[in-house]
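In this document, chain identifiers A, B, C, D, E, F, G and H correspond to the written order of the chains, with residue numbering beginning at 1 in each.
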């Protein structure tokens, strides 16, 4: 499952997330979205490198990014 | 191997509407909106909060928050907020204002709302320029900065040094909380949120006026890419507008 | 029956506002109406209402916008220069459909002028001193008792139409004392509900108070709906009063202070057999054109005499209604000068002489 | 009947409150009244005055171009208003401070040494009540008793000990006017 | 001959002002006129003039008062809400007889409205948005070339009458480009002397710029002298233009942007044999009543069609002049919507059909 | 014994008109007028000085000075002065403003004239009340002080602590000279004059904005005799508004 | 003759400057012209457009409700303006970004792969010049030479090195249009 | 010759000069001036006590007071 998910149609390709990512796994796609922007993305193969640090989401002005992490399973 | 169960680290706040924002790519207004909404979520005050939008790029922010809203005339958001809060002292009232709005045309209104100690929270977005009207000089424009009405760069002779609103307002005795933060890297964004939360909590506790000045960017009118703008702000704006808590009454912590 | 009290116009209207359910007053001192904020500063705390001395008239009107948008019955008062400073905000309130009551105790202008009675702000009040297509209901009392009663109506009309209402007086009406009977205190729970007000979006859709709409076609729709309200006001809210008009050949058209001077003048010339009467607009907007047209159509009137404390403003509305059918004369004193009954009687006598 | 009177003097001589008292008393006698102060540039220093109209009918204009009477407490007031009094009317003037006499022959003139009398009574502030007493003697629009009742209703309790002085002042003023003769 | 340049309305008027001798501009950004302050910020230093970005429109008008009172040719520009904020100051300038030029690039209102072209501030400009008895000369260009020329006149008229002059355009006139020929740069030494200006009382009696006069009788005299000026303006400054009016049975009355749309519409319906023509007021105040009355008196006109980008403001002045002699119809688009030529042609066609 | 030849120690200044002042008995506006006129005399600048009157009790002061004058709208004197000075940079331009005028309705104008560094001199008369309109509360009214619009005394709750304009303006970088003085005894009057002279000299030297705040009295509206008012001011106002030079650039001495 | 054309695309595609260039060139040929931008809410992001009117007579309305031609650079522009073109008029559209075809049958339609051609030329910014070249081929209101002269006059000297690219773009656009056929 | 001269008709009887005078020689006259004020004055017999310190004039808001002192005769 993905750790970081982009709502591509809302992305404006500003690259603030690109700059923010400590793992350097975000980049802009070649394709254009409906608004004419190159959306940010993390390649499927890079999802594993994501540490779920959330910094990309913190910098995204357009509410594009949701970040997940594996739940810490509580022993109940 | 079984898929791990995932939990959410970061997602759009509840208090924001799920609609695209009209801001330019990389404009930090969006970050600030999110922080305010996150604080509203966390304090659980969405249903008792009333926002006041000002005239500037953020004029439409009543479309983005799930709270009641009033759109105020240019510069007058603190007066509008005063009216609302005095009628509903039990509600949480905040304004969201740009630097042209708050530090230029609205100077009298912000000074006097602060002096009276209106129990409102002011989110003051300082991007050193008039964004909405396409990049004219603001009172906060840095010396030497070129804008469409300071084509040779702001000069001290005739235009003076930029105004530091937070420091100016902090000379007043009444306001409870005044802080300056920035949203120009993830760490600063985090501290910005803490300050915003403190400002709202100040109001929740029934204390006087609170204001958070947020150093922001306007990539389009600065003529930079969003990341260049971030770097420029960090280098130049923070040198003139130091970050930190400027006024904290002993009781607020 | 309620007791008759001898009250200054300014204080009477302030008390009347509170009786009408006003619980938010913001204002800024200016002669000749400073007794209003002074009264409110004493009285509002007693009724659990809000008094704010604003930093300026610009702030004032925007406080009204906020408080009115939040659902309170709100008012301010000022005098000519202060009202000019409120024009942007009044336009905003009309655009965003925020009710509120404005009192203008007019003084001599233009500019700083003087502090004496005047009616020089008729155009500003009735044609729109602010920008864009909007109108105010403008009420012009002729006595303190009427002022007290019109204050009740002012708040009701403001709420009914979600539009600002202006009450115009002048230094004389504000400063003089007359006996008045106050209406009882309105029970706030009987006031109209305001489901559109910003009270916190608890258990309902959020409310937005706003005059911005960037799509001109959408904004046009909105302004069209405003216009429909204004048309309705015109259809239903015209008010006027008359005095000795049934057989009148000379009809004086005058409002407020001048209408009182005119009554004295008419009494005087009636004694000499001149058939003079008075048409007194109570709503300056909507202009009482239906009633005035009826007077024209009666065929009895040989001349109108518009008397104003201005160089000639209301006369345009009179001329629009009369539309060339009867001569319209004008007598104006202005810049703070109030015509005397004797003087006005002289004008009527001259006019009568001309008619012969 | 319509009675209109202008009361005028220096600020501080109590002309506005005298007018108010007159209007208030008349109102309580069921009359229609107006009280109109001059609040113009005269306010600071200079001369201050008010116009009181008392009538059985609703009062049309609160301004009077030709008052029936003037009560003047200082010289500038006399100079300003003397010519306006209508023929057959009254001028009641404070002869303690006004060292000229009115020249009008077509009106009844009453000279009242109001300050002197007030000093005798021992309260300079009651000079205005002396004038009022004289005025009511020549033009009895209300009675002195009614004035005293109004006073008792309007002034605050802690000043009630001054009422006897006011009563004395009204009376002394009336006595002066009696010498001149009552209005018919 | 001077070169034709392709210029935006806002920039052309700014340059035209400088050519007319304007050396002091203060203003505050607002769409759709921000190109004016932007142009001035570049250009004023080149001609030794002053550009100030004021802190607000309220400050702006008071800077003009100071600089105009000090003898400079001064101007500002703004759009509807900003102009509303200037009303107190404009009244002061009229009262104190300080010349100055105001440009209002009108946008849709009321309130914040939108930023699209509008004519909703006609009343404000012509009847007096500020308090007291005063008037502005209001010039309404129909093209950028005419705007350039009227800017020259605006400064001359302001100085001639010592009164503020307003030039009204709208977003369309401000934002569009057209070829213009600029007048030559005025030689500042040829401008009228201003012996009344505050330049320091060296070797002369002191000069005072003031609108205060506490004695109403003295102030009335002053306002009377102002009124005499306004009467003179009415007698001598009325301006208008016509198009195909000589045989017209339907006369469209329209100014500014709408007058251009109307010309296209008239061209279109003329093709179908409808005798339509245009009466275009150039001075909105003084209203060109003499010329319009002449059109009425010609007896040829069967109907007037007032077309405005408002819910109906100028129509009052048309009705005042027509005075019931010919039917006056109205077509309005507003709140930022500009009627199209086709649409207006349709209105004329309908009207023609009704006339038959 | 022969009469000694006498010389004048004190007499009305040349730059003032020889007409009675309209102020109430004991109102210190008159003292301040005289000081300004004496400074104009001493600097020999009467013929190049242009004054700006504000709206307040001093509104008629254009009648008292022998200089050119403009009467400004309420609160806007700094904007008017800006207009004049920019047109005549070689002239000396001063405003004379009350505390209602400068610290309430005119807040934006004074802050921005100061920020831009307009080369004008501001005489700011703080009498803690709206004198002309008969004694309403001003932003400078002291806590607890009764006025016609604070009949129960100014309270911190809802009206806040009074504003200290000089300190607030001194947070701006551009202004050259800001001082607070009083005219509440002869020694203070003397020091007030020195400050006023310094402020005018600052302008003469082509330096930016100068302002002198002058603690003054309003006996009529304070409900005191003139000497009681003087005593009240010394005791209460000076405790909240400390006297002294608040901003002096190194070059001005 | 009156020609009116609407030029529309994303902000940043250079539609306003293309219109300005066209108007400027026509003016220098002695024509009357107007150029009217849409400066409304469309400005930020969204679609931006301008209307150019070229005429021998003074231009009445700078607004055209039924333009003779539209030049559209993105899909929203085509959707918005297609229906307005007057019968017998022209639609010149950027087929690189617009993946649908106009459906109007009563107008002449020219598909121009402007971005593709600009990329070939090696300067993405000249896509608008490609469009202009195609447009002028079908509706030769001015010549390509005159456009090049105007360009040389209006752009700053340090960009003159780009002129050959612009010229190439105009020409390539014209070639595309030629295949569709010249306006008669 | 007098050391301190009052323009009586302009005096408003405010007593600021009275308070300011270190020699305590200023007081208000019993008479009223044309404006109804008791004007300030120094009795002729007190003029000698005046030190020409000028403090009264410094405090007078109404330009009532002129102060003189014997000229210091310069030996030339």
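What we mean here is this: contacts are C-beta pairs under 8 Å (C-beta built on N, C-alpha and C of every residue); 3 or more make two chains touch, one makes a residue touch a chain.
Nothing here was measured: the structure is a model prediction, and the numbers come from that model.
Path length between chain F and chain G in the chain contact graph, taken as the least number of steps between touching chains: 2. Among the chain pairings, C-E comes first (most C-beta pairs in contact).
The mean-CA centres of chain A and chain G are about 39 angstrom from one another, to the nearest whole unit.
The distance from the centre of chain D to the centre of chain E, each centre being the mean of the chain's C-alpha atoms, comes to 56 Å. Averaging Cα coordinates per chain places chain E and chain H 60 Å apart.
With centres defined as mean CA coordinates, chain D is found 35 Å away from chain C.
Looking at chain G, residues 40-41, 45 sit in touch with two or more other chains. Within chain F, residues 24, 59, 71, 73, 104-105, 107-108, 111-112, 116, 139, 159 each touch two or more of the remaining chains.
Contact of a single residue of chain A with at least two other chains is seen at no position. Touching chain B in their complex are the following residues of chain E: 28-31, 34, 37-38, 41-42, 45, 51, 53, 55-57, 81, 111-112. Remark: chain D residues 20, 23-24, 27, 32-37, 39-41, 58-66 touch chain C in the complex. Across the interface of their complex, chain G is touched by residues 4, 6, 31-32, 114-116, 143, 171-172, 175-179, 260-261, 263-264, 267, 336, 338, 340-343 of chain E. For chain E in complex with chain C, the residues that touch the partner chain are 58, 80-81, 83-85, 87-88, 91-96, 106, 108-116, 118, 120-121, 123-124, 127-134, 210-217, 219-220, 222-223, 226-227, 310-311, 313, 316, 319-320, 323-325, 333-337. Against chain E, in their complex, chain B makes its touches with residues 55, 59, 71, 73-75, 100, 104-105, 107, 130, 132-134, 136-137, 139, 148-152, 159.
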